[in-house]
């Protein structure tokens, strides 16, 4: 069991003049579900792109299974590591099934035919993401949330040991957010998949993440179990929001609740009765 | 006695001839402009129906089309030309005259700078707006736009009038009329199908209502492109086979004069089979001017030669129908 | 969406039907029986029969074959450009090919002396190749070639080439202009058996290459980053697709002039029949494009009362309403 399936050491990256990552150290072990937590612009997407080989760090290094991403062949890399999160293309009519099948490319390459195993993996991915009923529909005909699940299905069908997921729950309702994390957890337990999820979903990451990596201002602020990382002080420093961190009485995991800014010290935490509707949502 | 110099210079005349000089010069000087002065001031209706007014004979003339330039030269009035288009190349001295632009794009400023007192323009290409601008600046513009031979002869006479040499105009026009008459009066038994093309790639033929069509008919031929609508139909090789012309005339317009061998190998077309394909200088047939008659005579030559080679052809009832 | 299994036989039959139509239609009256006899080398039966046989074999057959090759090549090239640029409005001419070919052909026609048949396709092809390469090199950055830069450079280079063409037309002797303009509008009559054979080689090679790249084109549709992360050598594939599609379009434009709308419309029509997977889309577009162009050419040859119409005008006229129809059909989709 390696503890550095994914490793970053002193990674620095700049977009033009702007420094986005300023010396990031990170390790994700085999079979771990790690959540890269941070506000918008913290550099989460950039870090994921560096792991997948799209960008090269200006300083420092990253390794995937001990080797630099550029040392792998493209297809070899894609068999090891899959990325999901970008919205699928809408320009051309493509069915959900066709789209998910594209995830099998690293296995059969340019000239191979889609084998029975490919189709099986696709069917399984569709089942996991509850998309079987929609598989013949065009990507443009389904909702944004369904499209995001299709993106996840494609990453699952790719069958890689490592999954990088970039803000994959943005358009999902609470049911599907929970379902998403359930799926990833199941993949990790049954297939030993290692997942690094970039997110700013404070409420659920504490429930499902084994390791939380708090990234803010280009630096890692805290790493560890949810209880260690999700403290009011850390959250305020990273997100600029006041929050209350306690334990969920039922599950025992950390629960983060943001606090309304205009709560004065003389007001209680409960809503006043008979006060009528307050500010509209 | 030494010879009398022309009116431009005066040199000493030996002996007692000096007293003769003055009256002779007076007679000479008054003879030419007198004929002109006799018709001016003048009002003449041009091809647009505009009544063009000239107070006196024009001394500085600008021509906005090659056919008009040729007519001015024909009337012997070329020394009055102070500006012509860049396409005016006949007769050869015309190429040396100052240029004032093209036919569809005459340069108004250059024309004005030449200070003309008459501009000859054509309704077949000169932009109307620019002519209006010139007229707005007080420059009289006389428009001509002959569409057939008879109109060409009339135009020659009218331009003769507006330039102040009406007898010369009539003389030249009648000479050309006589030549055309000679061609049309010939006895004919056979009427070959004639195809007149202005381009060989693609093949673009002169259809009904064009000048070339008229030349063919006067010379006693049948226009092989008569079955097509439009003035300049584009013909495919199959259309050529269908039309089956006996004679093909190519009005070479500075460029592609030859048919591609892929086209001429079709022996179903009599003209290709017998080699009756002839070239004509394109300028002869695109300028509605005096050289049209030369073109007519050339067409007649070609057709007559063809008749000599085909004294008797049986069963030539079909025309070029689709 | 039709069942894809049925689609290919139907498309192939449509193409065959179009060829048959093209062989029997034209000013010289030729019966279907004469067509068959000519094709099988049977006895023509008399001089009119011989003429008919020669018309069929030397005029109409090369024309039909040229129509199939040109229509097929333009459609395949259009499919490739639409995938490369991820833009449903892309066509083979968008990145400099048409402007370059036109400048090359106009140079040959207007500046070379005499009957310049032989150099014209070569000049047009060189012009297209140079223009397409220029667009590509201008658009290239260290990070590769992005579609935005490709389109930008294509527009710039295209505008420049159009200006050149305008100047050439304005400054050339008037007698040469009509022929040049007719070329610009498309002409399928310039096919000799030798040229058709050569074009078949080019088109076969080009379309074959594109077919090999079809998986790559599928992945390009995901976007450069996603394609990269799926294991595609993105820059290599983009370069290969660009060069192949440009040279394919350039080689047919060199022979037949600028025939528009085929490369734009037919990919959409084919997509609605067999879907977006390029393994099926490319062959379907080829067959459909060939059929479409042959039919348009038959109309161009026979419908005009004043001789031939340029085939490019017919494709444009029929293309626009067809496109509207497609858009209306897909109304429900965003």
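Think of it as A, B and C in the order they're written, each chain with its own count starting at 1.
Just so it is clear, a contact is a pair of C-beta atoms (placed from the backbone, for glycine too) under 8 Å apart; a residue touches a chain by one contact, two chains touch by 3 or more.
Note that the coordinates shown come from a computational prediction; the quantities given were computed from them, not determined experimentally.
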item: Reaching subunit B from subunit A through chains that touch each other, fewest steps; value: 2
item: Closest chain to global C-alpha mean, per-chain Cα centroids; value: C
item: Inter-chain centre distance, subunit A versus subunit B - centres from mean C-alpha coordinates, in Å; value: 84
item: CA centroid of subunit B to CA centroid of subunit C, Å; value: 44
item: Residue numbers on subunit B that touch subunit C, as the complex places them; value: 87, 198-202, 204-205, 207, 228-230, 233-239, 241-242, 252-258, 260, 262, 266, 268, 282, 322
item: In the complex, subunit C residues that touch subunit B; value: 26-28, 51, 54-55, 59, 114-115, 117, 173-176, 178-179, 182, 187, 189, 192, 301, 305-308
item: Contact set on subunit A toward subunit C in their complex; value: 49, 52-54, 74-79, 81-83, 86, 88-95, 98, 102-103, 105-106, 109-111, 138, 140-141, 158
item: Residues of subunit C touching subunit A in the complex; value: 82, 86-88, 212-213, 215-216, 218-219, 221-223, 225-226, 228-233, 271-272, 275-277, 330, 332-334
